[in-house]
Every structure is written in structure tokens, then in C-alpha cells.
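In what comes next, chain A is part of two complexes: it sits with chain B in the first one and with chain C in the second one.
Moving on, here comes the complex of A and B:
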């Protein structure tokens, strides 16, 4: 392939991945999936019934893998010559739409099911909570699935990158990847930062504070939309950048250095990137600890 | 369970033996009728393999429910993945074994037996070596692995329209349709209990939910089979899957209403004393 065309594709995939990551994280934040989920789930049991959309469609990686695999599977059916040879863009759009519908069904059942299983703790099933958030969740899931299925199509298409794996399997793997990154990057912003933002650095986390995550927002009782607003300022974009960098750097090194040293160039470049990121992360961590810590009353370790 | 109530044996209306008998019975019968009919050039009965997979999903979900009631909270998704992991290996081995000896019809049964054996080994390891000490562990893992095999075989047969390993590997695995089948099968087994986690979970609600998740897998399998085998047969499977999904989903909502009682509200403030 023409190097300029290859770099263009890599840039396109990186951009799509950034959008996908951001959207995936906001989708899971509105539904309180992953990191904050157990806190929301436990809230009613520690005396805090709530009006937060609480969905748990397994962990984020499997649920996103499902949307993406289904989206790619449906797109592939539509594109196949025996059905209607649809244009890839339309096929991917319809596939992502079907995936978003599945997302809606699974989210609804988990909201209804989990709240009905907490009846003895005075947890209600609020239908307006369901109606208000579900379309927003599905909308974000649509954007994320569309972008990831698009990335997978570009990787799979024999005239573009030509990856040997089948289309739905590539989508499944990228779905797992975006779910894992959303779960470990963006959701921490909701699960930890949103709940503990008024706690002093290093003061430790008390389990009894768990239910607080469902309490007060900037105005009134916290709702899932407040969480989306909060997370769209940092958690979502951070996830987008993280996933975009994974897709971009991985494809960039394999496109740019494939012909260096008989293919080993790409491997060495990958190792260098990982090494650089490890050093950079360590620097940030020690900087933050020095700058904001330790907790003011900390007077050394106490012997047990 | 980590989120809700003390661990212990789950209260059941339908016994494990009844659920297993229906799951294995309907699962195998559905798969065999579908495959035999397809070999006799009647692809329109292929949806029966999907119905078998739906009941196998229910069997897996019930096993997840029983084993996870002993305090496995975040392990619920993992156990669903484990099910389909064991199931995929066993299903493919069974079908490949059938192709090897030239009798493709032994495939699902060989796969099922192997899965039950793997499930027993994994369950024993978890109980005896890792010392989880859950009394139903071995049995539940055997059921989960068996459900995984039946779900994967059922949906693969439905998509490929044959029980022949060569046809399945060409039409389901090489094309990649195995990816949605795998993940929807796993979610069908793990999601019903995971979505109902809590002390007021009831068996009938979780089981209706399992049927509806199985029907979703059947529906998407039907869509995939439109491109692979006869379009009419694929559409029949999709429509029947959709019908089963609609009926079971409405049933699920009805049971949620029953279990939530006065807590089923259109809108409202938090309950008195909650602030």
C-alpha cells in the first residue's frame, strides 16, 4: 500500500478510536457500570436508596465485545453478496443500530432486575429514571459501536489493511479492548474522583462512605445525567485519548516500521513505546505524590 | 453474594434436576431434529436448534444462579465466560471427533460428555485445591460447561444448517460469526443472574430472563444464517427468536412489577427516611 494512504488510514482509525473511547466511557458512566457499580449497588443496603441508573451487563469488556461483535456480524451479513451487498458505511451504521438496540434491552433488564432485587432495602424502581437515561445510554453505545466496527472494517478489508482475522472477531477484540480501557481509565474518574473529591489526598477510603456516590449533586439529588456531565469533562476524554493512543500507536508502528529489519523494526518500536510510557507514568505518579501528599496528619507508619 | 445478603443455597421453585432435564433434553432433541431435517433438504426446521440453545441457556443460568448464591459477586461474569470457554473447546472437539470417525451425528453428545468431564475437573480444582468449599460447585460447573456446549452447538448448527464439522468451520468459524455467537451465548448464561443480583432475587424471574437472553442470541444467530444458508430459514429463525424474546421480556417485566410491589413507581422522590 502507498505509505501516505497507510498513514491516512492509521490517522482515521486513531480518530475513530478516540471518539469511541470517549463515548464508551460516558455510556458506562450514565449507567454506573464497572468501577462505581458496586458502590451504587451497595448504596441501598447501607441506607441510601437512590435514583441512579444502575446497570450491570457483566463487566464492561464483555458487554462492549458483545455490541461490537453483533454490530460487525450484522454488518457482514448486509455486506455479503448473497444478501444485499450493502455499502460498508450503511451496513456498519445498521449493525451499530442493532447493537444499540441490544444495549437498550440489556440495560433495561439490568436496571429493572437489580432494583427489584433490593426491595427490602426500600429501593424503588423509578420508571422515569429508566425513560430519561436509556436513550442517552443507547446513543452513546451507538457512537462507540459504530466507530469500533469501522476500525475493524478498515483492518479487515483486503484492499486496506487486510488483517487475517475475520471481521466480527476483530470487532470482538477491539470491543474487549475499549471496554477494558474505559473500565480502568474513565470509570475511575466517576467511581473514585466523583465520590471522594472532597476527601483529603491520602486519607483512605472508608467502606461506609460507599453509598455517598448516590447522594448530592451540584444541585439536588444526584442523577445519572449529572454523572455524565461531570465525567464528560475529564473521564470521557481521558478514555478517548487512551484508546485512541492504543489504536494509533499500535497501527502506526506496524505500518511505519514493517519493512525495517525484516519486520523486527515494528517489534522494537513497540517495546520502545511501552518503555517510554512506563517511565512517563512513573514520573507523573511520583510528581503527584510529592505535590499533593502526604496526608497532613500523617506521622509515619504505626506499628501494628 | 458480595452485593446483597448472606451467601447460601438459593431458594428454588423449579429444581435443578428439572431445569437440567429440560435443558439437555430439549437442547439435544432440537439440535438433532434441526440437523437431520437440514440433511434431508428441509432447512426450515433449523430454528429448532436455536430453541434447544434457548433452553440450554436457561440451564446454564440456573447453574450460575445456584453457584453464585454462595457469595461470588464479581465472579458472575467470569463464570459465564468460563462456561463458554469450556463449551467452545468441547463443542469443537465433539464436532471434529464426529468428522474424524465419519459419523457427524455423535458430535454434540461427545462434546457434552467432554464438557461435563472438564466441568468436573475445574469444579474439583476450585473446591479442593483453591478450597472455595462450595457444596454445589462440581455439579454447577458440569452444568455450566454442558450448557456452554449446547448453546454453541445449537447456534452453530442453526447458522451453518449442518452438523458437519467441515461445514461449521467454513461457515461459522472462518466467516467469524462465531464471535457474536460466543459472546451472546456467554451473556445469556451470565446476564440473567447478574442483572438480578440482590437479596430479593427470585428464580422464576431470573429464569424468564434467561429465556429472553437466549432468544436474543437465537435472533442474532438467525440474522447471521440469512447470509449463510437459505434466507427463508434464517428469517424463520429470526422471527421465532423475536417472538420468544417479546413474550419472555414482557413476562420478565411483569415479574419485576410483582417483586418490586409498591416500589414500582412512575416517578417520585426518594422513599421517606432515605435522605
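Moving on, here comes the complex of A and C:
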């Protein structure tokens, strides 16, 4: 393939991945999926009933892997000549739509099931919460799935990158990857900051305060939409940057340096990237330690 | 089909079975290196990455597998890859996994530092074994650390390397046996997950990396993954051969 074309595709994939990562994180924030769900689940049990959407379908990586694999599977069938030879863009859009419907089914049953089982803690099923949030969850899931299936299509298509893995398997792997990244980065912003905004910024969350989530918003009772609004300022874009960086850096080093030193160029370039990231991480670690200083409550004898 | 045929089949594919076992053990060791804090880390109550062991190991290892699969295809254009080529394929997969996990840890630290306002600190050691920085004064009260300090970051990068290496090696071995990227990739994902799930019983939700006391439980995981990978290897080399013998595709 022409190098300029290769770099263009890598840039396109990086951009699509950034959108996918951001959308995936906001979808999980609205639905309180993944680890922060433990607090939403616990809140009612320790005496804090709330109106936050609660869907712990599974961990984010397996659920996103499933949506993306379903989207790619449907798109692949629609594109095959024996079915309807649909154009790739239409096929991917329909595939992502089917995946979003699947997400809607899981979210609905998950919300109803979880809240119905918590009636004894005064946590009720709010149908308006379900109606208002579900389309937003499905919409974000659609965007994330569409972008990931698009990336997978670019990788799989024999005229573009021509990856040997089947289309749905590539989508499954990227879905797993985006879920793992969303769960590790953006969800922390929701779980550690937005859910506990009543506590002083930077004070850390004492384990004894688990379940005491913030239930009242800037105006009125807090809903999952307020959470998405807050997380879209930092957690969501950070997840997008992370997934975009993974897709871009990994493909960039493979595309640009594969010919160098019989393929070892790509390995060396990758190791240099990792080294740079380690150094940069050390920089921000020392910045944080200087900026915030030790916790005043610390009573031990180790000097900061 | 007689028993002798199966034994012969296994003997013919012995190098592939050994490769799958080595790959499985690499994954098991790699999982122990990855600093995961599970749900408590997502609430900044524990050091490490705020997600599950298997999910993060699989996310990084399989990203490496994608890179390795592409490299295998490129190199196999000149004939079936030999040992030299497989070393390069495994290195490519390992570096792909390292990139994924280091980017995730870095952006995770952005969120801890800029979004939550806490400095990364380990609660398992008083001083960071790599940088020598004191840790205890920076641990938020009532928690067991937060964020990803340098020692955990380096440990995570090593974990990604081993996970990507193991996944890629298993893929290469399966390609030697059946030559079909579709079957090999799906089976490699399966073997990867088996070897990522078993060590997570050792980890019990949270581990900070190689400096964590739980890391000493590693030999048990290696034994368990040796047995599991041996079984996976036997099945992996038998299935395509059985299909060929019985006239299947």
C-alpha cells in the first residue's frame, strides 16, 4: 500500500477510536456500569436510595466486545454477496444499530431486575428514569460500536490494511480493549470524583464512606444525565484520548517502521514509545506529590 | 481412528504443544505483574488500575495479538515462518500489549491526579522500590493507596510484555498446526482467557505488581497454568487434525 494512504488510514482509525472511547465511557457513566456500579448498588443498602441508573450487565470489556462483535457480524452478513451486497457504510450503520438494540434490552432488564430486588431498601423502579436514560445509553453505545466496527472494517478489508483475522474477531478484540480502557480511566472520574462530590476534592475516599454517594445535584435530585454532563468534561475525553493513542500508536509504528531493520524497527519504535510514557508518568507523579503534599492526617514516622 | 494415530498426531505436534504451554505460563506470570485494584481502585481506595485482572490482561494481550497476527501474515508471504520469524512476531505482539497497558496506566494517572486530586501512592511498601520515594504519607486516610506509582507502572509494562508475548506465541503455534488465522485467533483468545482467569484466584481482586506479597504465590499459578495449557494444547493440535482425518474442512 502507498505509505501516504497507510498513514491516512492510521489517522482515520485514531480519530474514530477517540470518538469511540469517549462515547463508550459516557455510556457506562450514564448507566453506572462497571466498577462504580458497586457504590450505586451499595448506596440503597446502606440507607441512601437514589435516582441513578443502575445497570451492571457485566464488566465493560466483555459487554463491549459482545456489542462490537454483533455489530461486525451483522455488517459482514449484510455486505456478503449472497445476502444483499450492502455498501459497507450502510451495513456498519445497521450493525451498530442492532448492537444498540441489544444494549437497550440488556440495560432495561438489568435496571428493572436490580432495582426490583432492592425494594426492601426503599429503592424503587422509577419508570421515568428508565425512559429518560435508556435512549441516551443506546445512543452512546451506537456511536461507540459504529466507530469500532468502522476501525475493524478498515483493518479487515483486503484493499485497505488486509488483516488476516475475521472481521467480527477484530471487532471483538477492539471492543474488549475499549472496555478495558474505559473501565480503567474514565470510570475512575465517575467512581472516585462524581459519585463522591460531597467530600472535599483530593481528600481521598475513606472506605468507611462507601455507599454514601452524592444524590442531590446542582439543581434538584441528581440523575445519570448530570453525571454524563460532568464526566464529558474530563473522564470521557480522557478515555477517548487513551483509546485513540492505543490505536494510533500501535498502528503507526507497525505501518511506518515495519520495513526498517527487517521488521525490528517497529519493535524498537514501540519500546521507545513505552520508555517515553514511563518517563512522562514519573514526571506527573512527582508533580502530584509536590503539588498536593502528604495527607495531614498521616501519623506515621516516615518523612514525606 | 486408532489410538496410535492420535498419539502420532500429538508426537508430530509436540513443539506446538510445548509452545502453547510456554505461552500459557508467560500469560500467567504476566497477569501477576499487572497492577490491578479492581472496584476499590475505581473509587481511589486501592493502588492500581481500576478494573478487573482478567479484563485488563486480556485487553492488552489481545491488542498485541492483533499486531502479531498482522506481522505473521506479512512474514508468511515468504514461506512458513521459522524460529527467527516467530521471535520477531512475539516481540511485535509483546510491544503492542505494552503500548496498550502503558497508555491506559498513564491516562489512568491523569484522572487520579487531575480529576480526583490524589497523588499516586502504594500502600504495600513504605518506599517505592524503584524511585525510593516515601509512600505512606501520601496514602489517603482509610484507603490502601491510590493511583499508579512508578513501581506499579514498570510492573504493569512488564506484565503487558509477558501477556502479549504469550498470546502471540500461542497464535504462532496454532498457525503451525492448522494454518488458518480464523481458527487460530479464536482459539488463541480462548487459551489466553484460560491462563488469565486461573492466576486471578491467586490475586483475589487486587495486586500492586512484583513488589506485592501476593506475587510470592506465583509458583502455584504456574503449576495450574501448566496443566491447563497442556490440556488446551492437546485439544488445539487434535481438533484440526481430526477434521482432516475425517474429511472435514
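What we mean here is this: the second predicted complex is superposed on the first by the 284 of 304 C-alpha atoms of A that agree within 3 Å, B and C clash if a C-alpha of one lies under 4 Å from a C-alpha of the other, contacts with A are read in each partner's own complex, and residues count from 1 in each chain.
The criterion applied here is as follows: a residue touches a chain if its C-beta (ideal position, glycine included) is under 8 Å from a C-beta of that chain, and two chains touch if they have at least 3 such contacts.
The model shown is predicted, which means the values in this text are computed figures rather than measured ones.
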Regarding the shared-chain residue A:83, is it in contact with chain B (first), chain C (second), both, or neither? first
Scan A:166 for contacts with chain B and chain C and give back first, second, both or neither. both
Of the partners chain B and chain C, which touch A:35 in the superposed model: first, second, both, neither? second
Give the label of whichever partner, chain B or chain C, reaches more residues of chain A. C
Considering only touches as defined above, state whether A:139 meets chain B (first), chain C (second), both or neither. neither
Taking the superposition as given, does A:104 touch the first partner, chain B, the second, chain C, both, or neither? neither
Partner chain in contact with A:51 - chain B first, chain C second, else both or neither: first
Quick one: classify A:59 as touching chain B (first), chain C (second), both or neither. both
Please identify the positions on chain A that touch both chain B and chain C, taking each partner from its own complex. 38, 59, 62, 165-166, 169-170, 172
Chain A residues touching chain C in their complex are 34-36, 38-39, 59-62, 155, 161-166, 169-170, 172-174, 176-177, 179-181, 183-189, 191-193, 195-196, 201-210, 234-235, 238-239, 241-242, 245-246, 249-250, 253-254, 258, 262-264, 266-267, 270-271, 273-274, 277-278, 280-282, 284-285, 287-289, 291-292, 294-295, 297-298, 300, 302-304
Report the residues of chain A in contact with chain B in the complex, numbered from low to high. 38, 41-42, 45, 47-51, 56-59, 62-63, 65-66, 69-70, 72-74, 76-77, 80, 82-83, 98, 102, 105-106, 109-110, 112-120, 122-128, 165-172, 221
Chain A partner contacts - residues on chain C that touch it in the complex: 38-45, 49-52, 55-56, 58-60, 62-63, 65-67, 69-75, 88, 91-92, 95-96, 98-100, 102-120, 126-127, 131, 133-143, 146-150, 153-154, 157, 181-182, 185-186, 189
Residues of chain B that touch chain A when the two form their complex: 2-4, 73-74, 76-77, 80-81, 174-180, 182-184, 186-187, 190-191, 194-201, 205-206, 209, 212, 216, 220, 223-224, 226-227, 231, 249, 252-253, 256, 259-261, 263-268, 270-271, 273-274
